[in-house]
Structures are given as C-alpha cells and as structure tokens.
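Next, two complexes with chain A in common: one pairs it with chain B, the other with chain C.
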Partner chain A sequence: MRRRLRFDGRTGDQIRGLFADQGILNRADGSVRFGAGNTSVLVAVYGPAQPAQQKKEKPDRAIIEVSWRADKGAQTSADAERELYVRRTLEEAVAVARYPRSVISVVVQVLCDDGSVLSAAINACAMALVDAGVEMIGMPVAATACFSGSGSAAAAAPEQLQHLGESHLQLDPSASEEATTRATVMLAVLAGSDGILTMKMTGQLGAEELFAASEAARKACDAVSVYLRRAVEAKVLRDVANLQ
Partner chain B sequence: MAIRDGFTHTINTNAFVLETLRGGKQRIDGRELNTLRQIAFQFTRSEGQASVLVQWGRTQTLAVVSAEVVPPYPDRPTDGALMFNVELSKMAEASVGLLRASPLATEITRIIERGIRDSQALDTETLCIVAGEKVWQLRVDVHILDNGGNLVDAAALAAIAALQHFRRPDVTVSGEGFVEVHHSDEREAQPLALHHVPLCITFALFDDMGKQRVVVDPDEVEEAVMKGRVTIALNAHREVCTLHKNGGMAMSAETLLACADVAAAKVVALHERLREELQKADAAARQAREQRLRGGAAFASHTAHLASLMQAAQPMDETADLTRVGHLGYDDLHVTGKVRDAPERALGGGARGLQGDEAAKSALFAQMAKAAADASAGLESKLGKAPVGKRKGKDTASGVGDAELDEFDKVAAGLKQQAASGARSLGGTVSAPAPAADDDAMDSGSEEEQVVVLKSSFKTGNEAASDMAAAASAAAAKASAQAGDSDDDLMAAVKSKPKGKGKARQKK
Partner chain C sequence: MEDDMLVDELLAEGGGDGADAQQQDRRPAAKGKGGQKQASRRPAEDLARGMGALKVGPQGAIVVLPGDRVTEHVTAAALKLTLGTGLAQRGDDVFATRAGTLRHAPPRTWWVEGNQRRYIPKCEDHVLGIIEDRSGDYYRVNIFGPSAALLPLLAFDGATRRNKPNLKPGAIVYCRVASANNASAPRFPEHCDMEPELSCEAAGHALKKDWMTRQGTFGELMGGMYARCSLMQARRLMQPDCAVLSALGAELAFEIAIGENGAFWVNSAGGAPATTVIINAIRNAEHHPVEQHALIVRANLATMRAKFGSGRQGSE
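Presenting the complex of A and B:
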C-alpha cells in the first residue's frame, strides 16, 4: 500500500489522537467524555437500577437500554439505528446475568461529529461502564475504516480522477473523508479475543477489500484497547493518590 | 462521583437549610448568600457549528449552535430565524421520563427565547442573504447533561456563549440567486451581530415561618426546599431583558427591585468573565485553524501511530495525566474552608490548581466590588429614581431622602467588604448581609444599635439572654411597622412579663 498522506497529515494506517475525561458527571453512576481527533462523545451510565415499569424487567438478566442524542437537530432513524448497534454490542460485553431484574441505562450524547462517531461511542461506552463499576465479560472496542476514491468515473471528484482505479484504505476517517468514501466498515470486537462482535458495512466492496478492511480495523481496535487500559489505570492511580 | 438520585429530601433537610439561612451569612455548601457557584467553560468550534460545555457548580449544560440556509418566513422576508431547543437529557438525572418535552424543558426554552430572541439581542436582518428567498436559520440546541440545580441560568449562559463563539460561514450570491456557502478554510467565517449579551440570574425564595429569605443561584438541595423562584435576565448595561416569576411564594416589589440590583451586579461580573473566556477560546480556535491550513507535520503530531500505541510492554508512567484540564472536579466545587477551620485545607485541598481557583475567585470578586462601587456611584448620579428600598413601613417610592442614600451606601459598603473578604473566604471579616437577604435581620441590626440604652438596663450575667430581650423589645417596638410578623405576639408577651429573660431565651 503506497503511503499517501491524508489532508490532516495522517497516513492510511494512523488513527487520530484519543482523549478521555472520566467521571465528569455528578449524577450519573459512570461517565466519560471520549474523543478521537475532533469527534467527541459524552456517555453516561446509570445502573444497574430498578426499571421504572415492572413489566420491563427480565428475571434472569439485566436489560441494557441505550439512548443516542445527536448534537443538533431532532432524533432521526439513523440515531435509532445507532442505538440498536450500541445496545447489541454492549449486551455481549456486559455480564448481564449478574444483574437480574435490573436496567442498565446508557445515554450517548454526541458533542462533535467529525467522522467515525459510532466506533467512538462504543469505545466511550466501554469506559463509562468501567467507570460505573458494571461487571463486564470483556471491553468492547471499535474502529472504523473506509476506502477513499470511488469505483466509477462518473462519481469521482475532479481531484480524485488522477487516482482513478486506486483505492486507499483509511483508518478512522474524518467527516470529510466519510462523505467522499465509497465504503465504510465499522468493526467492534472484545479486546483480546478473536471473534467479531459487530460489523457495519455500507457501500460497495469486494470480498478481499472487506477482509483487508476488517483486519486493519482489528489492529486499530487493539491500539484503542491499549489506550483504554492506560487511561483507566491512570485514573485509578490518580484517585488512589488523591485519597491519601 | 455518582449521586444518582440526588439527595433525599426530608424534614431534616428542610430544617437544616432554613436554619443555615437564618444565620444570614452562609449556605449549606459554604457559599455566601449572594455568591454564584464556580463556572467553567469549554469551547469548541468546527465547520458551521460551535458548542460550549458550561459547568455551573454541579450543573452541566451543552449548547450547540448550527446554521442552515432556508427560505424566510413569508411575512418577514428580510429576517433570518433563531430557534431554541432545550432538552433535559436522560443523563441529567436518573428519573427523567420518556416524555419528549417535559414542562421544565419547555419553560427553560421560553425563558431563553424571551431573554435572547425577544429582547432583540441578535440582529436578524444581518442573517439575510437574498431578500425573500434565502436567509440563515440559526438553531441553538441546549442539552442539560447534569442536574445540579438552577438549570435556567446554566442553559441561558451556554446558549448565549455558544452564539458568541459561533462563526457564520461566508456566502457568495451569484446573479441567478444561487448561493454558495464557503468553507471556513477558504473564507474566514463571520461572528454574529449581537447588540447585547443577556444573562439570567435566578433567585430562590424561602419561607422561614413567615419570614422570607432570598438567595442567589440555588443548588439542587435549596431548589427542593425553596418555595418560589424568580429569574431576571439582564445585560451588561443593566437593562432588564426578561423577568420570570411564575407562581411560587409572593414577594414584595421592593424585594424584587433589590433582587434586580443584585442581579445587575452579578451580570456585569459574569459578562466580563465570559468575554475573557471567549477571547481565549477564539484565539485557540484561530490558532487551530491556521495549524490545519498549514497542515502536515504540525497536525500529524496529534495522531497516534498504531505501532507505538501497541507497545504495551513499556512501563506505565504513573503521573501521566491522560485527561484534559479545564473540567471542574469534586474538590473545586466544594468550599471546605469555612466548615473546617484548618487554614491549610482551604478551598478544595487536592492538587487541582488551587492557585488558579483563588486567582479566578479574587478576580471575580474584585470585579464584583467594582460593580458594587459603580452601583452606588450610579445611584447618586441618578437622583429622582426610586432607590433599593428597605421596607421600613414608610413610603420609599417618592423622592430620595438622605436616609435612603445613607442606607444604600451602608449596604454597598457591606457588599464591597464581603467581596474583599470573599477572596480569602476563610471566616474573614464579618460582612453585612446582602440587601436582597432578610430585611428583618438588617432592620433589627440597625435597631439594636438604637436600643443600647435598653440593653444596659438589664442586669444579668447571661449576655445572651439580655441580647435576646433587647432584640425582643426592639422588635416589639417596631411591631406596628411590620405587618404579619408571627413573632410579634411572642415578643409582646415577652416584653410584658417582668422576668422575661428566661422566657425570651426559650423562645429563641
């Protein structure tokens, strides 16, 4: 793969800088403001708690409910779809059998959407659940990959015509890259394990390209999981130091 | 830290809050009666959008401003539109229901609309692109992220701060009316045309067995105990933009005027603080934009290379702070200095920028002292206007007597003294209660000086009893001026008894 620089100076296999502020909300049991580059989301976790309506509770496991709030505008069906993706991913990661008859409520507030917001949200949810002390089977981590360039000449922008036929895999795309991509792949895995929890693919891709994208995204997930671990450890150590 | 359901509102909480306010100097979180909580801002600017995260004590709100090119309303072809939407997010507190627009969210939206839009703070004619066809529609979404009390002020502050931080993209109109919106990298985006900056201040009214107590900026505990509230929005020119008192405990017009005066001083200081923060944020945003335009190496340093991140074998730097500064933590929000008298544990212990907090507080207090001085100077120059009237049972509306001016000077001096001592905030000098606070405490204070003669006539070793008796007789002396005082009968009864000392002590 030729090393081409993207508009912000990254190469195709570089993800944006990550930051996390943990425990910033006073009411929520767990909260984190997580960001990759300019994309940032704030996730709050309430729970496990008693559900408001008794008919909602399940006798053998906890229910996870997710609420996705966009930064501007009313809620759309795309937001409802993202809620579903986050919920199903978290249900595999959280030890729901440990909290029967409870509800774990996760609220995702998008602060700034500069691309790859769904994977940022899943990473943020993982940290927020840790902050809330909810028992988990593993840490869900996610990453997004996209293919620059378009498959057909008709849809190509003028500056892309010189690279017609070349498709470059880009990890952690920003909003402008997502807008001009021909396919996006979002991958969520449990850190340290092999299997794929969630994959969301939109666009047009060949099978080998899909495989390459998922492998690259998996490497990015490993990097993100290292960061998550470091951030959580740093916070715990800092809290311990403040207590003393 | 998690306090999921807030606190439990009990009779004890009620009694504790009221008893603390009775002292007239402090509130349950250590603030003084006229002090706002700590406020922190975090600004973000991206293409066609600006947002600000406001921390007001434990309340956190997020305001996002975005713009869209739309056709105008047919009856106003040259005006742009400004829309507000306040949402009480499910993360604000655990018990927010599924109803989309709760009444509280609607009320806050209306207060902000009246304060900002209806007071003509934004010149909507500057939002016009092609008359009758294309105008800018600004949309302000305010999300309440954390409910720590007094959501109105925090939401209004976030909304106006985001509007000031927002930059409208530049447009070019071609001959056929085709509008081209330029990216901010091509052409620099423009700030909005704001005539003035309205800010809201909320007061809480408490009912302490018939006496009314007023404080500024209630937190969630005080909100649960209070019996009424009034929100006043003003700008830095001391003009009232909106006033919102919707039911709740009745208050006199004089108290309302006193509140407006305190709110004006607060708004002037808050406006100054907001201006400084906006300047810093604007400079940072411009710098980021220039870095991005130059591109390449400057920006790449912020990215994380996969290989370096995956070297988990490297020893962990224990002091590495992987979180950003700027967020107020638990220590910053709690004034512990007054409760415990240890001077070395003042103002939130910990390693979280103690000096920074002190400096910010003293700057704010210095501005408040200046505002109080300006307020008293302004009053003297505007003879003929009704002053902040202390209710003495006399007609204070007509004319300005020397007694009133002296009274106001005393109160303003008290404010200044309080502001000067507030910077240390450790016990400090005894300051006079704020004018919006208990009228009776102020009056009985002045009355006590006048009854010094009476005090010496009580021969007793117990000073407290004699003080009580003196206050009792003073209160009884002005019983005719005070209507509806439930203690009057008690005081009259106490005064009539020859051996009233013991009884007075019991009564108090």
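Presenting the complex of A and C:
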C-alpha cells in the first residue's frame, strides 16, 4: 500500500511528538507548558478563588473563566471564539458543583502557533487543572484532523476513506497544512469515554469524511491520553519521592 | 490493517516524554506489537478507564487520574465506605476526581492524596493567615483558599470587649479552622459555600492561656517571615521526623509555625540571614528526593556562613 508522506515525514495518521513541563509557574495554582511538535502553549490555572465582583458568582457551581493570549498581536475575534470552545469543554470536564461561589481562572498563553493550537490548548488545560488539584470528572483530551488538497467532498469515494494513508486525511496538522486545508475537524473527548465533549468543524466535507475524520481524531485522542497519563503519573511519583 | 498497527504502535509507545513519534523505527515494533494488538484493540482506552491498569508506585501506592474507575480497589474489604477528597460515586462505581495516590485509613475511609497549592478549608486544621481587613465583628483573613476566612474579634482566650488584640492588616496569625461547612451539610466539608470561620482559642480540653501572655499555641506571630509551599510539603513539615527541619535544627536556633494551608512562618535567633536560609532550604527540599535534604541544608548553610558568619547569634 502506498504511503503518502507529509512535508515533515509523517504519514496521515501520525501525530507530532508531545512534551509537557508541569508546575513551572510559582504563583499559579496549576501550570503546564505543553507542546505538540512546534506548537506550544503555556496554561496557568488560578482557583478556586473568590470572583472579583460578587454579582458574577453562581450559588451552586464554579464559574470557569478562560483568557486566550495569542503569541503575537492583540486579541482577535478568533481568539475570543477559542476562549469559548475551551471554556465550554472545560465546563463539562471539571466538577464545577464542588466549588460553589468560586471562579476558576484559566489563562492560555500561546507561545508558538504551528497548527492545531486549539487542541493543544485543551490538552494543556487538562494537565494544568490536574496540577492545580481542581476536581474533574475526567481528563479532556483533544486532537485535530484536516483534509488536504482541493476537490469536492462528493468526489471522495467511500472505499478510499477506509485507508487513512491513502486518503488526504491528516492528523495533527501543522500551520502550513492548516493553511491549505479544505476542512478541519477538532474533537475533544473525555479520556476513556465514548462521548464527545466538543467538535469544531470548518470548511466543507461530506458525511463519510466527517465520520472518518472524527474516528481518526478519536484515535489520536487515545494516544494523547496515554501520554498525559504517563506524564501525570511521573509527577505524582516524583512528589511521593520528594515529600514522603 | 496496517494503519491500525501504526496507530496502535503509537499508542503502545505512549509518545514517551517528548519523543518524536515519526522518528521511531517502525518495522521491528510493528512485528513485536502484532500479538499485543490482537489481545486488546484499544489498549489506551483500557488504560484510561482504569480497568486493572492503574500504575502502582513504590510501597504499593496506586496512582490515579481524574476519571479513573477505582471501584474494585476501594470495595475490596468493605462495601460501606467513607469517600474522602478526590473520590466520587456515580451510580454503582467510584471514580477518582483528582490526580494522586489512593490512600486508605482502615477500615473504610478512602481518599486521593495529591499535591496542590490551593487550600480547601477543613475543620480543626491549624492554619496560618494574613489579616486583610476588619469589618464589624470579624477580621477578614487570607488563608490562601477559595475564599477569605472570618476571625471574630473576640476569638482569643481571655479576650473581652475592652481587652482584645488589635491586629493590623498584614499581621500574621496562627489559628485553627472553627467551622468550614455550611450548616446543612456538616459531614461534607467540600460543600463550603460559606466563608470558613477561624478561632485563636485553644481547642477542646487544651490548656487555655490568655492572649496577652503570648504563650498559647494560637495568636499573632511577631517578627520573622512567612512563605508558602505546597500542601503536601506542609503536611510533611508537620511530621516529627521531617528531614529538613531536623537538619536545620541541628545547626540553627529558630521557631517555626506551619499551617496546613501551605504557609509557614519562621523566626530565627540568627536574624534575617538565618531566617532566609531556613525558608530557602524548605523551598528547595520540595523539589528534591528526601535523601538529599540534609545535603541541601548543608549547602545553603555554607553559602550563608560564607557571607554572614555563623547563624548562632544571641541566646538560644
């Protein structure tokens, strides 16, 4: 079977290497610098804490505030939209009922945007919330898939889509691939569960393509969740070694 | 089929700590992992679901992540359980909601011990607070938790309206958490939607010393310096066999007040250099294994002595 390699040597179903530095900020309750390939984000979590204005607080649950800071320039409407996606995803994953009248503040600082930055941010938020000890229902993990090349969705035959390497489906696109893609699907799930937390689609794609992309993204989410698990386990065991 | 093997190989390798997925040699790995693939089609999924695949650290500590199902571990001995912090019941299963090690206090109490910095108030904890301001009958105190705490003006042993301490904003107090629950759920301290209340009165049957004598356990702390650390470090400092404090105590004379909210106060006879060394040694010890704590103390003391001379000044 012919493998179609991308510009950096990956096949369509490979994600970039991941790294995470946990607990790096002194003043934040939880923090992580997370990256996939050249994309890296720094997330800081403050909370649960008192809201700045009392009218903002909710009596039965915590409020999650997300602030997205781009690597260059002032905040744009695209950044405000990303804040919304991150906040909605985290609201499903964090046990907000445990912290009434509180606010959990999440600050996402993009250090380098080389594609798939929203899914990297959601993964980073998961690790930062775990570092802060905020109680969560599960770990949200996210991955992005895109379709390279031009051509209408109807022209893609179903049997082509069975073989990921053969089709133009690409997991974890970098910035140059995102710039030339015709459709992108970002999927966020709770690690280990079958449901979907968030799905963001842009561009034009057919129904089979959507299912293929979300299946591929779910596999990528599994891979990311394995990495998150190992990184968090290593940190927990390090704390046990230092403080027991 | 080949795609599945490649994706499963990525899952099986786990990505490593920053290892680049595409640089791994594919062919031998694909052969070796073929059998594993048949056994379980989605190994990561099973890992994430915690079906018997939780990592066991040294001394049998079970490491859990939020969302892990721990029902089998927890119900092994008894079915009627007390679930502490970090565990929640959903339906018939018990799930972890925090990352940490699964702990057990026989016969039936389980919780998850993680390391974090933000303190969640619990009754009868001894905490260190900073006075923020004074309103009505209370001081508002910052105990580094989700909300400020309230310390009544008269909550000091022997205090009356005419004879009570006058604490300024910025003063450091050592006190205990008198109430941290809302009135309707006294057995669920995590549902604290009311501000916690503090008290500097001696608890229960303990000997009561007037606040003016400054001989009680609780009250204002004068002089010295305070610093913050993680909650697990604070609990470690309170243990009688703490390596860092033993090593420091062998060389320096100091008094220390440790709050369970991750804050501690140090005052040393050797003045500011000695106090700084103590605080730095405690902060450094948080990031190094226990075996190196004595070395850390020795290194910090050597630096201080090179600059300031011995730390034993004045009477002990």
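Note that in this section the second predicted complex is superposed on the first by the 225 of 244 C-alpha atoms of A that agree within 3 Å, B and C clash if a C-alpha of one lies under 4 Å from a C-alpha of the other, contacts with A are read in each partner's own complex, and residues count from 1 in each chain.
Operating definition for what follows: contacts are C-beta pairs under 8 Å (C-beta built on N, C-alpha and C of every residue); 3 or more make two chains touch, one makes a residue touch a chain.
Not measured: the values here are computed from a predicted model.
In the superposed model, A:239 lies in contact with chain C only, and not with chain B. With both structures placed on the common chain, the touch criterion links A:95 to chain C but leaves chain B unconnected.
In the superposition on chain A, contact is made by A:138 with chain C only, not with chain B. In the superposition on chain A, contact of A:31 is made with chain B only, not with chain C. By the touch criterion defined above, A:181 lies against neither chain B nor chain C after alignment on the C-alpha atoms of chain A.
After overlaying the two complexes on the shared chain, residue contacts for A:13 are found with chain B and with chain C alike. In the superposition on chain A, A:59 makes contact with chain C only, not with chain B. Look at A:190: by the touch rule set out above, it reaches chain C but stays clear of chain B. Once chain A of one complex is fitted onto chain A of the other, the partner contacts of A:105 are limited to chain B, with no touch recorded for chain C. Note: residues 8-10, 13-19, 29-30, 49, 132, 219, 222-223, 226-227, 229-231, 233-235, 237, 242 of chain A belong to the chain B contact set and to the chain C contact set alike, using the contact criterion stated above.
The touching residues of chain C, counted against chain A in their complex, run 2-3, 6-7, 10-11, 14-23, 42, 44-45, 47-50, 55, 57-58, 61, 63, 65-67, 86, 88, 95, 97-101, 114-118, 146-148, 190-191, 193, 230, 232-233, 235-236, 285-290. By the touch criterion given at the top, residues 1, 8-11, 13-19, 29-30, 47-50, 59, 95, 98-102, 130-133, 135-139, 163-165, 190-193, 219, 222-237, 239-244 of chain A touch chain C in their complex. Against chain B, the residues of chain A that register as touching in their complex are 5, 7-10, 13-31, 37-38, 40, 42, 44, 46, 49, 52, 67, 69, 71-73, 105, 107, 109, 111-112, 114, 132, 219-220, 222-223, 226-227, 229-231, 233-235, 237-238, 242. Interface residues of chain B facing chain A in the complex, by the touch rule stated above, are 1-4, 6, 44, 46, 49, 51, 53, 58, 60, 62, 64, 66, 87, 89-95, 97, 139, 141, 143, 145-148, 292, 295-300, 302-306, 309-310, 312, 316, 318, 320-324, 327, 330, 350-351.
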